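Some structures to go through are shown next.
There are two complexes below, and they share chain A, which is joined by chain B in the first and by chain C in the second.
Our next item is the complex of A and B:
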């Protein structure tokens, strides 16, 4: 076996020396050349057949225009997700406010009324109002996927990604990560090279999943009302840039070897079908609603209990939650966050969506009033630092479990530690650089 | 200009930009300026990408080039059309917020505010897309000589 491997490696090296290409690239290249030779000698065509895909690809896959076109389409996707979904978000918000009022009016037992109004409606309601945004994001992603464009993104980014020790194929798990990091990490199985697979999996949590959306929508809407889609777009882009940088650093210093080449067949462009789009949107979006009914519901009930225990506390500040918040507060003082904001991030470890629900419960208000309260306690700069921190810090439990399942404990622990440190450093940089720019 | 001003305004909000950009790129209709200049870097980038594709593609197309000409023109026109559809949807959504839901943040909103540069460019791209589609259809019928 060892001898066979030696012979194989020698043959591989001879091929690389003679042709300057990896065998993985060389073999299909030669195969297609032979096919082209046979076709050109057996079929005579005066004119070349024209397909719409060939024409569009000439511009879309252009090495200078490809990435700007992708960025432009990504920005349009976020405009669609936030600006177009806004009326539905507001309607859902009005509904939960109405439910909260009804509970306050008809339930006389104050403990039960607090559990239902603050715990269930306040906690879960603040998260569920963002369901339309998540459905719209999945609708836009499905449209890009079904049109055939998303497959081309891997090709467009291959050249750039190889510089960061990744392959173009890494973009697929990263794009899946925009929905949820768990399938994103699992999708790294399709990457042939071991090093690229590790790098893609450990950087996938930096790709902003839909669970972070409620945090962004809330804070960007309050502090940057005129530019909220662009602010959210910047967070998504920051996540991508950081994922590339971390890949480069880890790949350069911890993992040796070159990325394997990208070979893929691009599908023809086609007009997405409305029925299929709606089906994809529903299948992916409903997962968020189910999660809200299980993990998130359990999380908000736990937070409600922590904010009301020990029994007889008069305010959240005196509760276990308040005590924990005051312990954490000094650590986040440089970012201008009070104990309430600091303690809310702890719950993001269970699921990132819970951060907003936790804030609603800590302040004891619903979404609309929450916007007013946080606008009084933070500046736009500290709010941006907070959104950045939520983007980067420790992956949720499910994502960590997926990394452990794919790569083992070592890489799962590594991911959790590097992300906390990175989140703190980036948030600090934002405060320092932003402070200088605004002064 | 939209992209540059958007970047400056976004990263350095303290550096107030002169109203020159607004006044030089739009017309005053009494109730508001048309097109409304958003000064958003994302919009700026989209306009730059579409503008470049149409210009480069248009020039190449005049020289009779399909690849590096007509193809860029078609891609630019499609992107402009997507931007137009998006702007119309946003206009509709803001209308719902104002007139149906009566959201406080939208009090005083008029449709003129959403008649922005993206919408205008999208409208202008409709004839370019239709002419590009016609040329490509005729090329598909006759076939074309490889560039």
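Our next item is the complex of A and C:
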């Protein structure tokens, strides 16, 4: 063994000296050259015509154009998701307010009426109004996927991702993460290298899933009514940038080993079929609705209980929820959040949409009035800090379970801890830098 | 009846499954590779008094150890030492496909190349000189169009012929300086009887030079396990 080590080292050094390349680059390089020679002498005639795919790829896979094209497409996708869905969101909103009113009118038992109107309808309603947004986001994602563009995104980003210890393939789990981090984390299985797989999975929760959307839509709508798609886009971008940074830091200081190469096949471009698109949108979107019917419903009921117990409390402030909020308040003082906002984030651990439901219940109002109340309690800067905090802090339970399933407890706990710390630091930085810039 | 063990190898989407199904028809068994959730297909085909036992390896682009599919294919060829490896190559995408072929040759496999989708390649404007390709590679090349069952008889003929003739495996030659280093490492490896008997030492030397972790593990296991 000793002798083998010695001979190997000498060989490597001599080859580096002669060719200026490490053997692990040199040998594949020689193989490709041999292939080129074999192919060029055995092919009599080669394809000369360019297909449409070749022409499009010339532009889209271009070294300089690739990323700008992606960013414009992504931005268009968000405009589509929010602007087009807006009237439908309003309609759903009206529907839930109407149901709330009816319950208030027809049920005389005030405890039951409160449970149904504030708990179920108030809590669930505040979340379900975002269903149209989520369906439209999935529709846009499916269109990009079926056209063949998403596969190219992996290729476009490989060079960049490598600098951050990720692989081009990491982009697929991350794109899925925009829908939901759970399938996103599970999709990391297809990544070849161990390190790339770990880094992609633990940074996936930083990719803003559709569950954060209700929080953004609410706060951006209230505090930045004129340019809310842009504000929301900036949060998505912040998530991506943080995912890259964390990946780099963890990859650089906590992991050993070599990166693995990216080899993938690019499918021909094709026109997405309307039927398939609608099917994809429905399948993924309905998952959100089902979640609303189970996990979120349970969370909402728990919050309602906490805010109405111990029995006989006159206001939320005296309830268990209020007590917890007051304990947490000092911690979030620098962000300008009162106890209500502070306690709402506790429930995001169950599922991030519940933050909105919790706020609805704590203020004891429905969606429309909630917007008014919130606008009174904080500044736009505090609201932005709140959105970034919700983006970053702890993955939801389901995502943590997925990380545990793929990588084990160690990485799941690591993800939860680093994200809480990161969320606090970033929110603090936003308050400090924003404060300086605005004054 | 004499048995010939054949492994099918190739990139994804080259028509490997079509060839496997055409050859084995109803005589196949589908299971999993041990300990993996990757499908393993085996089947039997009779040809000229031989029983061809055919295993369909997972579709792969190279023989590194980055994915479980690649590892399965590589381990199968290394450990089970099939009599012939049929490498199915997409004629319309020769460059990419041959990278795997070269690695299969290096692994010490006795290779036959099935140049599949030759009709598609032609319609796309390619014209390949198969005889020249055969000579350049040092490996038999059989053109096929699996979807229309063209060339499959010839492929089976070639499998039998290669085994009967006992053709030696072929490999590419590296530049002299590199060859000298490979040879030096190989000599050290040859000193160990366990390694000499179990492995193609040239392949092992190349892999060690490339820093292949799996190859290093194999050597350590042999030295320790005895």
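Methods note: the second predicted complex is superposed on the first by the 392 of 439 C-alpha atoms of A that agree within 3 Å, B and C clash if a C-alpha of one lies under 4 Å from a C-alpha of the other, contacts with A are read in each partner's own complex, and residues count from 1 in each chain.
Note that a residue touches a chain if its C-beta (ideal position, glycine included) is under 8 Å from a C-beta of that chain, and two chains touch if they have at least 3 such contacts.
No experiment lies behind these values; they were computed from the predicted model shown.
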Chain B versus chain C as contact partner of A:233, first or second or both or neither: first
Which superposed partner A:69 touches (first chain B, second chain C, both, neither): first
Which superposed partner A:35 touches (first chain B, second chain C, both, neither): second
Touched partner set for A:256, first chain B, second chain C, both or neither: neither
Partner chain in contact with A:3 - chain B first, chain C second, else both or neither: second
Partner chain in contact with A:193 - chain B first, chain C second, else both or neither: second
Which superposed partner A:44 touches (first chain B, second chain C, both, neither): second
Chain B versus chain C as contact partner of A:84, first or second or both or neither: first
Where chain A meets both chain C and chain B, residue numbers: 45-49
Contact footprint of chain A on chain B as seen in their complex: 6, 10-14, 40-43, 45-46, 48-50, 52-53, 57, 66-68, 70-72, 74-76, 78-79, 82-83, 86, 89-90, 93-94, 96-97, 100-101, 103, 105, 136, 139-140, 142-146
Complex contact set, residues of chain A against chain C: 1, 3-4, 7-8, 11-12, 14-15, 18-19, 23-24, 26-28, 30-32, 34-39, 41-49, 192-193, 258, 260-261, 263, 265
Residues of chain A touching chain B in the complex: 45-50, 52, 55-60, 62, 65, 68-69, 71-73, 75-76, 78-80, 83-87, 90-91, 94, 225, 227, 229-230, 233, 437-439
Touching residues on chain C, where the partner in the complex is chain A: 12-13, 61-62, 64, 66-67, 92, 94-95, 98-99, 102-103, 124-130, 132-133, 136-137, 172, 174-175, 177-178, 181, 184-185, 188-189, 206, 208-211, 219-220, 223
